[in-house]
Amino acid sequence: MAMPVRVGQRLAWTLLQAIPTALGIIILNFLFLQLVPGDAAEVMAAESGSATEATMALLRQRFGLDQPMLAQLLSYLTKLAHFDLGFSPRYNAAVMELVMSRLGNTLVLMLAALGLAFVVGVALGAVMSAFAGKWPDRVLSVFALLLYSTPSFWVGLMAIVFFSVHLGWLPIGSKETIGASLSGLDLLFDRLRHLLLPAVSLATFYVAIYARLTRAAMLEAGHQDFVRTARAKGLPAWRVQLVHILRNALIPITTLAGLHFGHLLGGAVVIETVFEWPGMGRLALDSVMARDFNVLLGILLLASLLVIAANALIDVLHALIDPRIKGR
Amino acid sequence: MMTHIDNVLEIRGLRVAFGQTVAVRGLDLSVRSGETLALVGESGSGKSATALALMRLLPQAARIQSGQAFFGDIDLLQAGQAALRKLRGKALSMIFQEPMTSLNPVMPIGEQIAEVLRQHESLSRKQARQRATELLDLVRIAEPDRRYKDYAHNLSGGMRQRVMIAIAVAGNPRLLIADEPTTALDVTIQAQVLDLIDRLRRELSMAVLLITHDLSVVAQWADRVAVMYAGEIVEQASAVKLFHKPGAFHPYTRGLLKSTISDAPGSHYRNAPLYEIPGVAASAVDESGCRFAPRCALALDSCRKTPPLPELISPGHLVSCPVVQPRKHQNSSPSSAVTHGNHDAFALR
Amino acid sequence: MPLLCVDNLHVRYASGGKILRTVDGVSLRIEKGETVGLVGESGCGKTTLGRSLLRLVPSSEGEIRVDDVDISRFNAKAMRPYRKRLQMVFQDPGGSLNPRQTILTLLDTALKANGFPSRGERRELARDIIVRVGLAESALDRRPHEFSGGQRQRIAIARALVLRPELIVCDEPVSALDVSIQAQILNLLLRVKRELNLSYLFISHDLSVVRYFCDRVMVMYLGRVVESADVHVLWREPCHPYTRALIEAVPSTDLARRRLGTSIKGDLQSVAEQPQGCRFLSRCPQAAERCAWESPALRPVAENQYVACHFA
Amino acid sequence: MSAISIPKISGAGRSGGGRGFAGNMNAVAGLALLVFFVFVALAADWLAPGDPLDMVGPALLWPGQDAAFPLGTDSMGRDILAGLVHGARASLAVGVASTAIVLLIGLLVGAVGGYFGGYIDDVLSRLTVIFQTMPTMLLVIVIVAIAGSSIGVIALAIGLGSWPTIARLVRAQFRSLRESDLVMAARSLGYSDTRIIFREILPNAMAPVVVTASVMVATAILIESGLSFLGMGDPNIVSWGMMIADGREMLRTEWFLTALPGAAVSLAVLSLNLLGDGLNDALNPRQST
Amino acid sequence: STPPQGGTLTLLLTGEPTTLVSVANTATPSLSVSAKVTEGLLKYGYDLSPQPQLATAWEVAPDGKTYTFKLRQGVKWHDGKAFTAEDVAFSIGLAKTVHPRGRSTFANVTAVETPDPYTVILRLSKPAPYLIKAFVATETPIVPKHIYEGTDALGNPNGNAPIGTGPFKFKEWVRGSHIVYERNAQYWDQPKPYIDRLIVRFISDPAGAAIAFESGAVDLGYRTPVPLSDLKRLQDVPTLAFETKGNSYSYNVTRLEFNLDNQYFKNAKVRQAVAHAIDRNVIVKTVNYGYGSVSYSPIAPGLASYHDPAPTPYPYDVKKANELLDEAGYPRNGQGTRFAVVLDFNPIGQDGPRLADYLRSALRRIGINVSVRSQDAAAFIKRIYTDRDFAFTTNGASNLFDPTVGVQRLYWSKNFIKGVPFSNGTHYANPKVDQLLEDAAVENDADKRIALFKEFQQIVANEIPDLNLYQPEFITIANKRVRDHSLTADGVESNLADVYLAGDK
């Protein structure tokens, strides 16, 4: 089968499979969220610092909270069938618009962090496995474990104090210099400077994971028979490591990268708070706090689609790395 | 010291240990150019350890404790990594037991052949490809051009093993070590693969060190045989001598031959039970006297104390057993009688 | 009445979107006290056939009759009484034994699951059988990894035997073992067979072993039986070209029969690529046009000899 | 941020020096450290009697400034040493309890799905995917919002958010083991499904699960601290996460307020990871002869 | 000399607004931005004395039942339409229907008349002495009638992209990040505003806010936008200035509210014991890092004319507290505990958890075993005001601009309404108090009104349905170059037309 056909089929299949998953997520979450105490009206009233019975009733009606629960679910699903994620009276905006305005930022942050973690982690892991058992391995192993065990928000705060406040090298918070109205390369550079710290903070944990994973996978692959064959061919050590071992080790590592998407999104909640990054994680946290469940459901749905898409992408990547995998 | 003019490889006193376990204990062996030398022995007797020691590809847990292995004027056991890299895949190559896993699953097989060519001959990418295709043809893979881009999983076991052979002979080696190249394969494919190695040996005039535990394979394809037991060579002879006349001398070799199911007509369970070598394989740790003594019906007290030395009992026939030396028994009875008597003794147990 | 009678059995696997017809219409019968050999190349479906007889893999079609009762669609409960009667010994001497249990527990569990309620009786039986397979009684308190491969195979045999089965499917029981140990196991199997009047379905790819060990042999090729005959007949007059090639390829310690480098052409295929006609077509030296579209049926050519070839 | 299972680190130990568990220096160090933490957690009431949340001294004493408070006091005048000691209890409790929940759900879902396959497996796999695609932290936050931030709820929430990792692992193990000779033999002996699952497969599938679980304890500690950072920790119990969260406002001046509990988290997580690596080596079948 | 023109001011908010006009939403973030675009009729000095904004003159009839406003002429909405009395009348009508407390503030208003385009007359059924203080931009925003008329005010797009008469024009709102306002060149009060651009950034983590101030990433923030614990350090930062003025429009009092239906706290002796166990000075000093002043009264010290400074009859006295509990029939058990209760704290604001920690510690000393329950705002509100499933709670309430608006709701028995946040949460009911509060609400005579409130304060100080603890001090932080940011009662919440940047080009 030709590669594009294979990839196409794979994607179509994944998409098809995603529908029941997404539906499950929505219904499960919807019912789940009914258990949360308090409603959007109470939050808005609380934030205002005062309210009357009449304003409470007005707010509840606007949020559709006066409807029975099943009717709410049904109307939500009906809207969903028309690709409408509903409306947030709290923000006075369509959920789709709200979420989309954040999606890009979150994606940028996540991809940057994941990419960084992957590259650095795999490089570290490769070094560790090449020196397995020797001191560079031990030192890097402990370093990786430290990265793994240090809370990301702590790393983030420390990085801000050091790089932004002490050294003044990097800007603080937000995704770009606000109101600078830059364009072209300047804008790109500005955004990269803003991205650096959050991405690094979010990445640290995963750097550790990828490093350990790569080390393990490469050692595992290194013990396979074909590596002995490669050595028996008289190939230099670097070639054996990179061409034969690493390529095979990448397969289990990329599998995990796909799974990490969901975790990253969760981790982003904290990092987005630390760095005032206008992403979905923050919005999700806010909407939990505000009981703005239309927004939360929209985010959860989008997040799961994102994870599913990421996994489909990983599958495609696998098909590229590993010729044994065929399109289903 | 240099190798004897006729020998491609001369191993002296090779000793390999895995921690406390001594896998190979003082092995002497030489391979003559152009011959097929079979190294036989039961599982765990140290055959692979020997081969990997020669290639210097032993796992990290293993240690070469002593010995020399002259390949031309290079001692393989002392050679530096750079020198080794020049040899491996070129003058000295090896085929492994597992055809299913010995090829890189994510690299086209043609490239795996081309890789070794580019490493050792300064060929261009295109020339290497050309040569690799020729090699595929040489090992009888149909449509070599198309197969060049195939991955290992597209091939059957026999084809994979042939690809391995192509990789191994790509550098025109003087010595090819084949470590149980066919145990994972079927008899029909086994015959194909071993025939191919035999043909290439003649055409490329290389020597083959064929490692196996199957005596019938030895009988079919080897010129000379070395029998290993618990890390030592116990008997060495030409195939003709061992399987024909005067036959095996060492009690272990004889036991092995005897417990092999005969393919003579009439060998069926209703006619006779199979011969069993009593006892279990020697543990690799204890180390006094003859390693086979605990299982040997002929063992004398002295066998348990002093390790036997190999003795030349006829030209090219070495045996490490003081008891069965033919000349020691010459006065009382002909050697064949002794052996027969012993057979009966074994059978009675 | 034969002990086991299998009729037109089919086993299919779904793999990578394809249906593998791993066992494709196999019929066989095993009489009481008979040893039937099953040979064939790797991947031709021997293990699958053996397992499907014991209902360890589901068959999609066909009958498995034990004492004329078709057990092929029985549920777990209905199978219970038959489990005792039909046992299996696996190729890998260690793999089928739980590494975390002592030999006594292994045997005891098997007995308990098959309706031996008395603890004392179970102990007695375990002790008896372990001695019978040639191990010391003290072996009962040890775990599988403390034994050598040959000993482990004895334990596996003991566990099959302790239930007093009538048929044991032996799936390559000696392939993983050395010649010297192979002899021990084969001798053991023969001894218990005589003592208990067992039947064996003996799966192997080693023709010499089959020839020595079996009364009757069936040769399989890509999911089908291509020849079935009395063991002596088969060696004297193999009819199917594949059987012939197989017997020819067996190496021999007899230097007189040293081969001259003529091996059968072609490579082993997998069940995934099943040609419409004869499955041996691509490797057959006498293939004709007819073979390409007509799949030959198994037919008698002599007394007790059946062959699936148009030209036999 | 649930435990990312570190699959098959089997290679890791083989080269890591000695063979087996005892030979592995790292693992021994990890175990020693963990034993220390467990001891501290268990003996907290004895090591630092009284309520660690009590305001016992002047606020913001630096470590060493006052012998009565060797590690200083926080902004409310609470003894940091007492906090660390009692925090060990809370943090380890969250870690262990949530991992127990993860194991319970993960093993059940993974075992049933992997063993029986078919329709049941489809449904359970789908469920696993649903939970897996939900951002763990968000799920935890929602659960805490529902049931309040008590330590039990937090552990439960982390457990509910993290089980898919184990379920997947167990499922994979069961799927491969169910085709193994081991299970075939058990079936041929007429063993019941329950017996096969619990007696034959489970013990042999546990090695990677145990390793992942040890790492998961570590991750749970991290999630708890993240939760405290977002202000959703249990206010009645001192945990390291809470101490970090409380201290972060004074990161610039009284940095010891975050550094001390931060170091405690790191060390505890480190010890669990080292232990996990060690277990991995010890339980790896390829490693033991 | 006139202040220099130009520059960009970055205002920091600790939360993101949900709407940019406080017509129906009085959450702090909305209040912080609303007035920049949408103005009010009046503004107020620090002492809440009215000053002109969109109204140039105003008059309250002696009977307190007629309010007449003269409007500023020549004012234009940002879309170019003229501002008239119609807009004011419409806005007051809107406030009366959709504003969270407009319904009660304007309850007595029976008619709004617009005899000419620049005059508005409010007719009241009863006097409302607090009403004159309610016309600040954030409380009663004047919105364009032509945009709101006939629409759903809450869903009106003007909330996301407002049009007003104010010194700044709305430019863009990047959700989750910031809002940009541009100088309104046509502003009626030329040459104001002085700054060219106003950027509002949302930084929710207080520690992050502190860093932002230090690095100069933000210029201005109010209501103590940084951790209290960090204030001392920031005071040493040479670029920063601190201001406490400009908070008088909304004084808070932090309180410990008892649930008078609770089995323990319905007993006055128990409440008194709790009162004796608490040292308000420690609370201010430790919990609040010294930023605040002790208050025994629900009327904040900041509202000096109404506040009763008399000390509590139940001063800090642990011995007395223990005696009272013994008397109340709650002896200590073996562990030294009398009974156990759960304390809920209001999660909004910085001081909740710390105050709860203090209370747990303090009450443990008198044998009350307190466990603290943490929950988010929604759960808290539901628990206290809807489910009433609580024992006691730390809560804060704003006095707003007048005790009738900000304090009466907490003690008036008729305001015990389930489901309505910040109503009478203790379930306090005293007819005498009800009467005093109702009288004060319509008392036109200032001195009499003060007397009524004083009497009310004495009664609740004795009966302690709740314990008033302290008035937190709100700090405004500004970069030193920012000047004139807090000239009015509502300080930074005002329209910032007067702000200028010193030393900036």
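Points to keep in mind about this one:
The letters A, B, C, D and E name the chains in turn, as written, and every chain counts its residues from 1.
One rule holds in what follows: contacts are C-beta pairs under 8 Å (C-beta built on N, C-alpha and C of every residue); 3 or more make two chains touch, one makes a residue touch a chain.
Protein names from UniProt, one per chain: A, D = Peptide/nickel transport system permease protein; B, C = Peptide/nickel transport system ATP-binding protein.
Computed from a predicted model, the values in this text were never measured in an experiment.
Common neighbours of chain D and chain E under the contact definition above: A. In this structure, the chain pairs B-C and A-B differ in their number of contacting C-beta pairs, and the larger number is found at B-C.
Chain centres here are means of the Cα atoms, and by that rule the chain farthest away from chain B is E. Chain A and chain B have Cα centroids separated by 55 Å. Computed centre separation for the pair chain C/chain E is 87 angstrom, with centres defined by C-alpha atoms. Each chain gets one centre point, the mean of its Cα atoms, and the points for chain A and chain D are 22 Å apart.
Distance between chain A and chain E, defined via averaged C-alpha coordinates, is recorded as 39 Å.
Multi-chain contact residues, meaning those touching two or more other chains, occur in chain D at positions 14-15, 145, 248, 251-252. Residues of chain B found to touch two or more other chains are absent. Within chain C, no positions touching two or more other chains are listed. Interface residues of chain E facing chain D in the complex, by the touch rule stated above, are 206-207, 210, 227, 229-230, 233, 286-287, 289, 345, 347, 353-354, 356-358, 360-361, 364, 371-376, 378-379. Touching chain C in their complex are the following residues of chain D: 180-182, 184-193, 195, 199-200, 203-204, 289.
Residues of chain D that touch chain E in their complex: 51, 53-55, 59, 75-77, 145, 148-150, 231-236, 248-253.
By the touch criterion given at the top, residues 8, 10, 16, 18-19, 25-28, 98-101, 103-104, 154-157, 159-160, 174-178, 180, 197, 199, 201-205, 207-208, 211-212, 214-215, 217, 348, 375-383, 385-386, 397-398, 400, 409, 417, 419-422 of chain E touch chain A in their complex.
The touching residues of chain A, when paired with chain B in their complex, are 224-226, 228-237, 243-244, 247-248, 251, 321-324.
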